[in-house]
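Look for subunit A in each of the two complexes below; its partner is subunit B in the first and subunit C in the second.
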Partner chain A sequence: MSSPSQPPRSALVAKLTRPVARPLAATYRWVDERMGISDLTHQLLYEAVPRRGAWSYSLGSATLIIIVLQIVTGMFLLWTYVPSTTEAWESLNFIEHHDEFAAIVRGMHLWGAYVLLFVIGLHMIRTFVSGSYKKPRELNWIVGVILFLLVLGLGITGAMLPWDQAAYWTATVVTHVVDYIPFFGNWTQEILRGGPQMGPETLTRFFAIHIWLLPALLVPLIGLHLILLRRHGEHGSWVNYEGVESETEGERATRMAEAEYPYPAVPSDPGYAVPMDLDDFFPSQVFKDATVSFVLVLIIFVMAVVVGAPLERAANPAALNYVPTPEWFFLPLDQLLVQFPQAWMIPVGVFVLPGIGTTLLMLVPFLDRSPEREPWRRPEVMVPALFAILFLIFEALLAVNRLFNL
Partner chain B sequence: MTPPTLVAAASPHLVAIPISTGMATALVALLMLTHIQFAAFQQGGYIILAVTDFIGWKGKDARKDRFSKGLVTVLGATFAFGSTLAIFATLILFLGLWSQFFVELVRIMFWPLIVEAIAFVGEIICLYTLYSQWDKLGRVRPLRVGLELLLFINASIQMLAINVVASYMLTPRPSNSLALNLLNPTEIPLELHRFVGNIAFDGAMIALVGGIRLLLAKGPEGKAYGDWIGHYGLVYAVGFTIAQPLIGWEYAKEIQLHAYASWYSMMLGGLSVAFLFQVFLLGAIFTVGIFYLWRRVRASGFRAPTLAVCAALSFASWLLIATPSSLAWSYEDVVAANANVPIWQGGLIIPWGQMIPFKLVALIVFTGVAIVAVTVYLKHVSKGELRWGDAGRGQAAALITVAIAISLMMALMGYIREHSRAPFLITDKVLINQQQNFNPPSSAGPALDGPAGVGIIMPWDSGP
Partner chain C sequence: MADSAQELAKKRISRRRFMIVGINAVGAGTALLIAAPIVGSVLSPLFAKRKTPWVLVADISQVPVGVPTAYVVNLPIDEGWTVPPVPRTVYVVKLNLNGSVEMLTLSNVCTHMQCDVHWDINLKQFLCPCHGGLYSITGVNIGGPPPWPLFRYEHKLVGRTLYIRNVLTGA
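Moving on to the complex of A and B:
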């Protein structure tokens, strides 16, 4: 669209491009009349977002972009990868030695997963600190927690697919630990392994879980997350609501009346339905989102080229002295497991404590129901969360220490 | 390089320092324990300085600005004294009294010590720039906070380097690989333990200043400031101590795996008495600390039933389970009482790491109760319920008590760590009684790990 303030295009350029531009524009109009692309784009791009703290709101879209990257690189990997215990390792070994492009794609899939888990963690911390889970966004927080669990699931199932030593023994440990689930342990173990022992079916099952079961849950849930986000509008962070407590009724009413789409958020704690200062999603927020996502994708690419993805020797069930090391995002859990020296206590470490942690995480919006958004006025959630995060970091570091010194 | 013993033997004109092994050990210990208190104060202080200056700037809080300026002045002075102690320790005590150990250590740890020396220079530059240009730098606040962070990083690098040395002495790797020796089994646990502990210790020292100021304050303004300082320090002191039992537990586990004799002596043998005293001190820190939190809220006229319950719980577990009389003195006593069987068979042993339950129960109670107490207290603070200046002499005494307990705790930990290796200075490698250069290695002692003075371990060297 051209606006009056735009400088006129050079006549020469216009003349030169006309033969291409005209039919293109006509085609676009034809399609648009039938599909309403312009309307849709307008609807998607033109909304208000909070102005302050906007860089931190780009973590959600960065997560989204990396998930898309994972889907694309995953599709490319499927061109070569063979999901069978006899050929999975061979096919990746072939990539590593004879197909540079695919090796980079494989590296991007691995580093993409690492960066994704990191960024999703930051996104969670940011929405937690800013109190974004509060009324009316409680359900979106819960959807977020489920998304996080699904991404973790994708991470662990993906680690098993190369069927090298690391993959095989990770799969062995994971399916062994599952056996500790009270009552259903054996049953779940057999479902995952495809029988009482590890075997060809085990890989087939983890492959199926990784490439369709979890994505089939993930993609619609991301859709729901975004629909809910659009419905309530971005809450942003507490800095956008400074002074709501001292506002007069009149001031608040004016703010509500003048609210731009998609605000005001309903239902809402009084004062928090509309951020104080708004900005346009396009181009302001889109620019920030694009910048952050671009930098992250660049990091993923560089790591893929420089470090790549490891491939150990092919799986060897007879190599009993092999010590599997978990992926870094499971290190805290691995260390937690070591705290329980007796076999009968293992379920406490693997299921009870993480289960309590996950349940508490889901219940955060219902445990912290005050309208207060400022983090230092919410010590009741901030202090325990700080300890929880420190605990996870400490456990991970101690796990590194232990594994390095085995 | 020729080993120092040989130098002494070959050069009769070199006079040995006429001091007994026991005296030498006591001197080194005294100096090192004092030095550690200063070093911990610096490293923990820098991060508290950066955090306080930052939140003072963002929150436009004049009290925090005043505090930051005071803290930087103190840190400048304590640094001067503390580093003099360190240099004295290295030049005179280590080289003079423990020369074998020192030469061997420098051979293995040459590179970490070089890194430490460089970071020491970095610390001097940052600290004295801040010290002398505080107000001017205040005009460019991000720069000042950045410099404070840099200062903290420099001190942390030094702590890392010295932790590598200290942990190596307890759990050395039988190898010439620098990487393996750097990341030896107790390096990370010690790092975490000290990192958290230093902040707690600093908080305690700040609380001490607050307590003394409260007692000595003349006018309401001085009292309000002392009250606030005390509260501010105590939150760091108790808050960070909460993480210590867990980290300490995992640290002990690595020692159990990699230096069993030391672990045995600490947990079950002769030093377990010192460990009982340590649990007792921890009980004092938490109980008196939580008592302060409760009374401080009450002093401003608000009821705080949860804090009262926390204080009572902590007190009960302190009295009932964290006193030496409630705990088996040592494992030998447990065995002598035929109590070294599982608790469900009438014994004292719980499955959790085959431990005697009291210590563990006390640690769990203290940790849980303290998390709740700090959270509830901060909620009162965030609601603006506390008026600074309301605190009385009781709270001042509590602040001072917590500070003394934490300081004693640090010294005790140092004592335990250094004694747990006995008779070694470096586990399985260097004996304490091999130290004096007039005192040749006893035939009963183990040989040094390779001939001493063979050469510095380089980053590219690998084991064994």
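Moving on to the complex of A and C:
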């Protein structure tokens, strides 16, 4: 589609590129006529988004880009990795010593996971502070929490696959946690391990869960997350709704009537269906999204080249003195294992407390139902959330102190 | 005539109903056909019969009295398509109780989260480095989070030769 605002191309350039450009353009027109690519692109790119605070809205797209990076690097790790207890470690050891590029791919997969969890955390905090989960976006918050749990699952199953000491003992502890489920614990553990003890099927099962089962759940849910986002329009943060309360009814009616696609969000609290000031998704927001994603991928790349992914010695089930250090995002849970000793208390630390935490996280939109968006006017949710985050950090620090001062 | 038109409409709806119910039934049947073998294969470890042969550990006359001694034993782990000998550590504890000798064959797997415990010479206790579990010389859990005593491998003596097999019992 040519628009009148298109800059005039130099006549020389036009002349030189014509032999290539004309058949290309003709081909594009032919395909477009049949597939509607222009319409689709237009629909995807031309929507209104909130103008203020836009850099912080790039965290969601950064999450998406890093998940794509994880899928792509994961695909190519499969070119060498063998999911077998006798060869998994050998195949990765080969990568680390004889295939520098594959070692970088492996490093990017590991650091991609770390950055992904960190960015998802920021994305959740941003969404929470802005109150973006409020009517009508409650379900998208819940989908987001499920996506977060799936990514945690991908993180922990991925950590088991190298079958080095760290992987083996992580897998041992994680699969033994489920043994404390009342009544069905033993069965669950046996199903996950493929037997009563760690063995060859433990690895093949977790491999299948990591590369197929969890991604097959993750990808469609990401689609749903995006469809719901587009359905409601981006909420943005509270700065986009300053002055909503002092608006006259006439002003509000005009704002609603003049709202650009995909606004106004329905059903919404009065005044919060359209941000006060709008911008174009393309190119304003896409530019910010692309920049943030580039910086993050650059960090992942540099960490992969400089630090890489560690590979400890091959798994030794007869070890006498090996201390498995959990991945950093599981440190708070590991600390709960210490704080809830003895048979009857272990399920409290392992299931009840994390279960309550997850349930509360899911229910946030139903606990905080006022239309108020400004974080300092919602202390009843901001203060508990702050304590929850401080608690997680505190637990992680206790775990670090315990594990590294042995 | 109006009656028959109504009748016809009713019939049309019932034909529609029939197909909708049919779609659901056939769909459920299809899903069941696919799901049943998958669920069965996922659950298969629960139904597996496993062999647990006896494996030689040591000549007990070599085991010191009162000091838990670690032996690495290649226990066949009968799982899936393979029976790989997996190295496991067994602590043989020889105790002299009022003149009679008692043999314990303790697994070094912590009962809390299944990390690897070791005999700490200074503490004179088994120590788990993961979450700080402590066990006495007989494997009784005496500190930290472990909920149960260390499990024991089933053992037998043939003459002075000690054998264990991969069957664990509580203390």
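In the analysis below, the second predicted complex is superposed on the first by the 399 of 406 C-alpha atoms of A that agree within 3 Å, B and C clash if a C-alpha of one lies under 4 Å from a C-alpha of the other, contacts with A are read in each partner's own complex, and residues count from 1 in each chain.
Just so it is clear, a residue touches a chain if its C-beta (ideal position, glycine included) is under 8 Å from a C-beta of that chain, and two chains touch if they have at least 3 such contacts.
Fair warning: this is a prediction, and the values are worked out from it, not measured in the lab.
*Asks:* Tell me which of subunit B and subunit C touches more residues of subunit A.
*Replies:* The partner with more contacted residues on subunit A is C.
*Asks:* Applying the document's definition of touch, where does A:Q342 land relative to subunit B and subunit C: first, second, both, or neither?
*Replies:* both
*Asks:* On the A-aligned overlay, A:F387 touches which partner chain: subunit B = first, subunit C = second, or both, or neither?
*Replies:* first
*Asks:* Is A:E190 contacted by the first partner subunit B, the second partner subunit C, both or neither?
*Replies:* second
*Asks:* Check the residue A:P379 against both partner chains and state whether it touches subunit B (first), subunit C (second), both, or neither.
*Replies:* A:P379 contacts subunit B only, not subunit C.
*Asks:* In the superposed arrangement, which partner chain does A:A259 touch: subunit B (first), subunit C (second), both, or neither?
*Replies:* neither
*Asks:* Is A:T172 in contact with subunit B, with subunit C, with both, or with neither (first, second, both, neither)?
*Replies:* Touch partner of A:T172: subunit C, not subunit B.
*Asks:* For A:L397, decide between first (touching subunit B), second (touching subunit C), both and neither.
*Replies:* After superposing on A, A:L397 lies in contact with subunit B but is clear of subunit C.
*Asks:* Which subunit A residues lie in the overlap of the subunit B contact set and the subunit C contact set?
*Replies:* Touching subunit B and subunit C on subunit A: residues 338, 340-342, 402.
*Asks:* Tell me, which parts of subunit A touch subunit C in their complex?
*Replies:* It is residues 85-86, 169, 172-173, 176-177, 187, 190-191, 193-197, 199-201, 204, 316-324, 334, 337-338, 340-344, 346, 402, 406 of subunit A that touch subunit C.
*Asks:* List the residues on subunit B that touch subunit A in their complex, please.
*Replies:* Residue positions touching the partner: 173, 183-185, 187-189, 192, 242-243, 246-247, 250, 253-254, 258, 351-354, 371, 374-376, 378-379, 381-383.
*Asks:* Applying the document's contact rule, which stretches of subunit A touch subunit B when the two form their complex?
*Replies:* 335, 338-342, 345, 376-380, 383-384, 387, 390-391, 394, 397-398, 400-402, 404-405
*Asks:* Using the touch definition from the top, list the residues of subunit C that touch subunit A in their complex.
*Replies:* The touching residues are 42-43, 45-46, 48, 50, 70, 72, 77-82, 84, 86-89, 108, 112-116, 118, 129-132, 144-148, 166.
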